[in-house]
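Each structure below is given as structure tokens.
Two complexes follow with chain A in common, the first pairing it with chain B and the second with chain C.
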Partner chain A sequence: MTQINNSLKKRKKDLTFWQRIYIPEIIKGLSLTMKNMLRPKFTMEYPEEKFIPPASYRGRPVLVMERSGDERCVACGLCSRVCPALAIEVQAAETEREKERYPEKFEINMLRCIFCGLCEEVCPEEAIVMSKDYELAFTNRDDAIYGKDKLLVPVDQLQDRIEFLRKYK
Partner chain B sequence: MSILEIVIITIIKILFILTAMLLTVSYSVYFERKISAWAQNRLGPNRVGWQGILQPFADVFKLLLKEDIVPERANKYVHAIAPMIALFVAFTTYAVIPIGPDINVFGYEIQLVVADINMGILYVLALTSLGVYAITFAGWSSGSKYSLLGGIRSSAQMISYEISMGFSIGGVLLLAESLRPIDIVNSQAGWMWNAFIQPIGFITFVVSAFAETNRLPFDLPEAEPELVGGFHTEYSSMKFAAFFLAEYANMIIASALIVTLYLGGWHVPYIETLSLPAWLITVIQITSFFVKMGALLFFFIWIRWSIPRFRYDQLMNLGWKVMFPLSLINIVWVAALIMIFKI
Partner chain C sequence: MPKITIDGKELEFKQGQTIIQAAADYGIDIPHFCYHPKLSISGNCRICLVEVERMPKLVIACATLASDGMVVHTNSEKTIAARNAVMEFILINHPLDCPICDEAGECKLQDYAYQHSTGESRFVEEKVHKDKRVQLGPHVMFDGERCISCSRCIRFCDEIAKDSELTFVQRGDRVTITTFPGEQLDNPYSMNVVDICPVGALTNSDFRFKARVWDMSLTNSICTGCSRGCNIEIWVRNNEILRLTPRHNEEVNSYWMCDHGRLNTFKFVNASDRIDCPQLRLNGSLKKVEWDEAFSFLSNKLKQFSKNEIAVIGSAYSTCEDNYIVSKFAKNTLGTYNVDFIRHIDPSFADDILRTEDLTPNSRGAELVGVFPEKNGLDLNGIVRSIKDGKIKALYLIEDDILSFDPILEEYLKKLELFVIHTSNYNRSCDYADVILPAATYAEKNGTFVNIQGRVQRIRPAVATTELDRSLDGMSLSRLDKFGTSFDRWAQGKKYDAKSTWKILTNLSSYFGQKYKYQSSEDVFMDITRNISEFNGLDYESIGLLGKELSFDKVKI
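Then we have the complex of A and B:
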């Protein structure tokens, strides 16, 4: 008990006379808030003004579509194997093209996806990457399962992320 | 003037004051949100109407549509009466506060105050102390521990601040030699504002006003982080809105009272020397009253977003060991001034 009293006494002694009067300190606080009121605002008015994320941003995972219109994916199934949330389902099929395999069915359940980016990290072909798309809203559960139609994105739109991956992966 | 004329004029005055009050209340809520946003480098409400100007109406509409929940263990009658008392006190107090000098409309000499009673300040003090019943009743009747704590804190806080408030008004009354608000305002013509003559009383009164209206830094009865809203935890819908309204109405009354008692009411210094037409002077004086009030309202909000809440023991210390002696010193100071200068 005496110890507590001593520490309190010491704290009181530390204050100068003007701090003890308290009113100058209030004025200091008020001037600080006033300064902040006049500063520019940080708010981004969302629907009108959209946030454009940097290349390091992990948005919705997408499949890379080559300029020829084919997917880069060879349906090795590594992404579906590594996915911790079991969100990816791949079904492989054969093709006449040089790389011989392609995904017949590629589905990502966006309700399960946790945006960890492991699929992108494990992919040997740079075929699945995280995009900058963050506006994901569905009105029912079936809409949340993205098939190849929604997942394929032209490679030109993903250049940013692919360069980032080559630099830091 | 016949009785009928007096009644009609009074009703018009009441209607005017009521609408003005309700509008100011809703817009002080709006500005509270705006200023809090600005102080935190945000924009604040800006979706409903131009710059969110219709936000208060949207808020009220939302509250009207909410379900009115009364807790099972509440005392239902007291629970319902408490917000009524809060509103009643908040709105009746304004009756005695004058907003301008006498004016002449269509041959009628009209005083710009609803009720010109000769002990107006006493009336205000009596009613504002009634306001504590609303909070205590609300806290007690809700049947919830947080509400009860809020109510008890509120009554303790009122007792410790009403005294210094009363004593600081004492200084004003000594100078004005009257309890009539109009006489008090007229005693401060020119630069004789009480805020300059008795700065200590001014500060103690402003601080007590903050405590009386339960505004931060003295909002212990509400104290969101500790008491989840305090006395109005168990209130919803319009009953909650009534408390909300009453809080802001109290804020407006407190600032009107500060203007009347310490900032010269409607008086503008040296306006008579400008040789303006009489009607323009009256208009300027009435506007000056509202400008002073608005500035004080801004000050209330500004303080709220600058200063953290006091701890309970600090509050009691401040009330009894600092404010009370200071208000006594103020009375002695004013008495000495009167004795020396024979004002």
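Then we have the complex of A and C:
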């Protein structure tokens, strides 16, 4: 206690005359504010204005839909296995197509997902990738579970990320 | 005894054993694809190469007889190099199918690729393509590209199923498996080739793409298809049984089980005709009620009959514990000696491999624990006759369908004043029942069965009912079971409101003023061991995973 009092006293003693009259300090602070007002802005008028992230961004994971309209995924379940948050449920079924199996059901629980990107990293088919979509809001638990209808995204919209992966993965 | 030195350890072996067998006896695992302890030696995969001192070349451990003084190195530089080379060679034409292959996760080739391979492929040329998705028989799918030509499946059909159906055709890298002209892989044991195929070339058509092996829990149990009581594992995901596989027990079924057992003894557990709560027939139609209501209704009804008007039919499908309480309940609580059970015999099912003519898992057990008439009580035929005569007015049927025994009974069942049935699934007898109580299936309870050899073996719950909790009740847990919550769709598997018959009957007995102190099926079993001489000295722990022979030599007094 005594120590604090001492230091307080000491500090008071330390102030110079200019500091004690306060006005130059106010001018200093305001000039910093003025300077930043004139600098380029980093904030945005969201949601009127939207942030478009770079390719390295990890938004919600999505499934790649080929131009034929089929999913690339073969329902191997590796993403589901690796997901540290147990967000992914995959149920495989047989298809007549050459790759034999496809996901009859593919669900990602966006309340569980932590956007780690491990699903994307483990996928042997480049079938699940992290998108640029960060707009995730729900009013109940069920809405947060995304099925194939919400997950499938045409491959052309995902080129950016796929190229990024090929370069750096 | 002759001695062999493997990796610096001097081990005794039996004359006539090969190096791989001598090593296996001491828990040393020499990699192998084509060798199987129950099949003849074919020595064609070469992964088991080992270095033997004073031999000019490496030898295959599966086909080289151990001899006294032999010095074997299973991890020397030369052996490892040879193993790498064999792996590389096998992988040359092996497709990168793991993501779509059901074997992934339990595949020897996958495991060995991690353990014994350099992890790099130098082969850049086009792989050989073969037929994929070939249905070799009703239950087995073949993928030619994945086959590593170990011939285990061929030898299994020739030597164990004793029905030669498979053969190699073509040569070199074109070699593949096919059935003989006009034949199918359809012997009663055909699906065992799926288990012994070291890769995913042969897969189970019934289980195809249903689940990945790492998402399931497995529980040691016993097949209920016949009185052999093959040891099995029950594979469950999201509280649903997806497949059964045989579990090694040299005394009972070795490594095998029959296709009937594998395919037809688990689907009813999750079928839509499960009875999900107690039901009473009021004014002609069935009404769902709480257990308490069912018990008080039933006990009031039962008290209206004299001893000789009641008959109780136990079940060879349910456990010793259940049947022991059935017999006690009948003889002590109801006071009737009209007690028996239905035998389901089909001589055409039996063979000289595993299958027996008795299609129930526990008829010996039911008999041993007291489900038989005593003191001039009626046996099954007598009971049926007296139902027809109208002398039996109340019938208490446990886990069976009496119409399967005598279809003509149908009109007489209508005349019964009280017909009670414990059953897991709807059966035709239910149409005439006044009270239906939902019984737990063999996959939802603890208990014991006595097989045809007089061996007592344990079943364990693999599927949870409403009164079972996977972790609190010590059931096996998959990764998903451990972390799932009630909000996860993959953890909301159906749980049925069903109880073991012993539990239903002890609860019901309390309405007759009789208190049983059993907390668990193990308590019931301990009571059996004290009162029934053949079971003396046993407990769940000593029965363990592989079962115990009962002692029949003791004289019954």
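The rule is short, and it goes like this: the second predicted complex is superposed on the first by the 130 of 169 C-alpha atoms of A that agree within 3 Å, B and C clash if a C-alpha of one lies under 4 Å from a C-alpha of the other, contacts with A are read in each partner's own complex, and residues count from 1 in each chain.
The definition used in the following text is that contacts are C-beta pairs under 8 Å (C-beta built on N, C-alpha and C of every residue); 3 or more make two chains touch, one makes a residue touch a chain.
Bear in mind the structure is a predicted one, so any value in this text is a computation, not a measurement.
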item: Partner chain in contact with A:78 - chain B first, chain C second, else both or neither; value: second
item: In the superposition, chain B vs chain C on chain A residues touched; value: C
item: Partner chain in contact with A:30 - chain B first, chain C second, else both or neither; value: first
item: Which superposed partner A:125 touches (first chain B, second chain C, both, neither); value: second
item: Touching partner for A:58 - first (chain B), second (chain C), both, neither; value: neither
item: Touching partner for A:150 - first (chain B), second (chain C), both, neither; value: neither
item: Touching partner for A:109 - first (chain B), second (chain C), both, neither; value: second
item: Contacts of A:43 with chain B and chain C, given as first, second, both or neither; value: first
item: Intersection of chain A interface sets (partners chain B, chain C); value: none
item: Residues of chain B that touch chain A when the two form their complex; value: 35, 38-43, 46, 203, 302-303, 305-307
item: Complex contacts: residues of chain A adjacent to chain B; value: 23, 26, 29-30, 32-34, 36-37, 39-43, 45
item: Residues of chain A that touch chain C when the two form their complex; value: 74-78, 80-81, 86, 89, 92-94, 99-101, 107, 109, 124-125, 141, 145
item: Chain C residues touching chain A - in the complex, by the definition given at the top; value: 96, 98-100, 104, 132-133, 208-210, 212, 214-215, 480, 483-484, 487-490
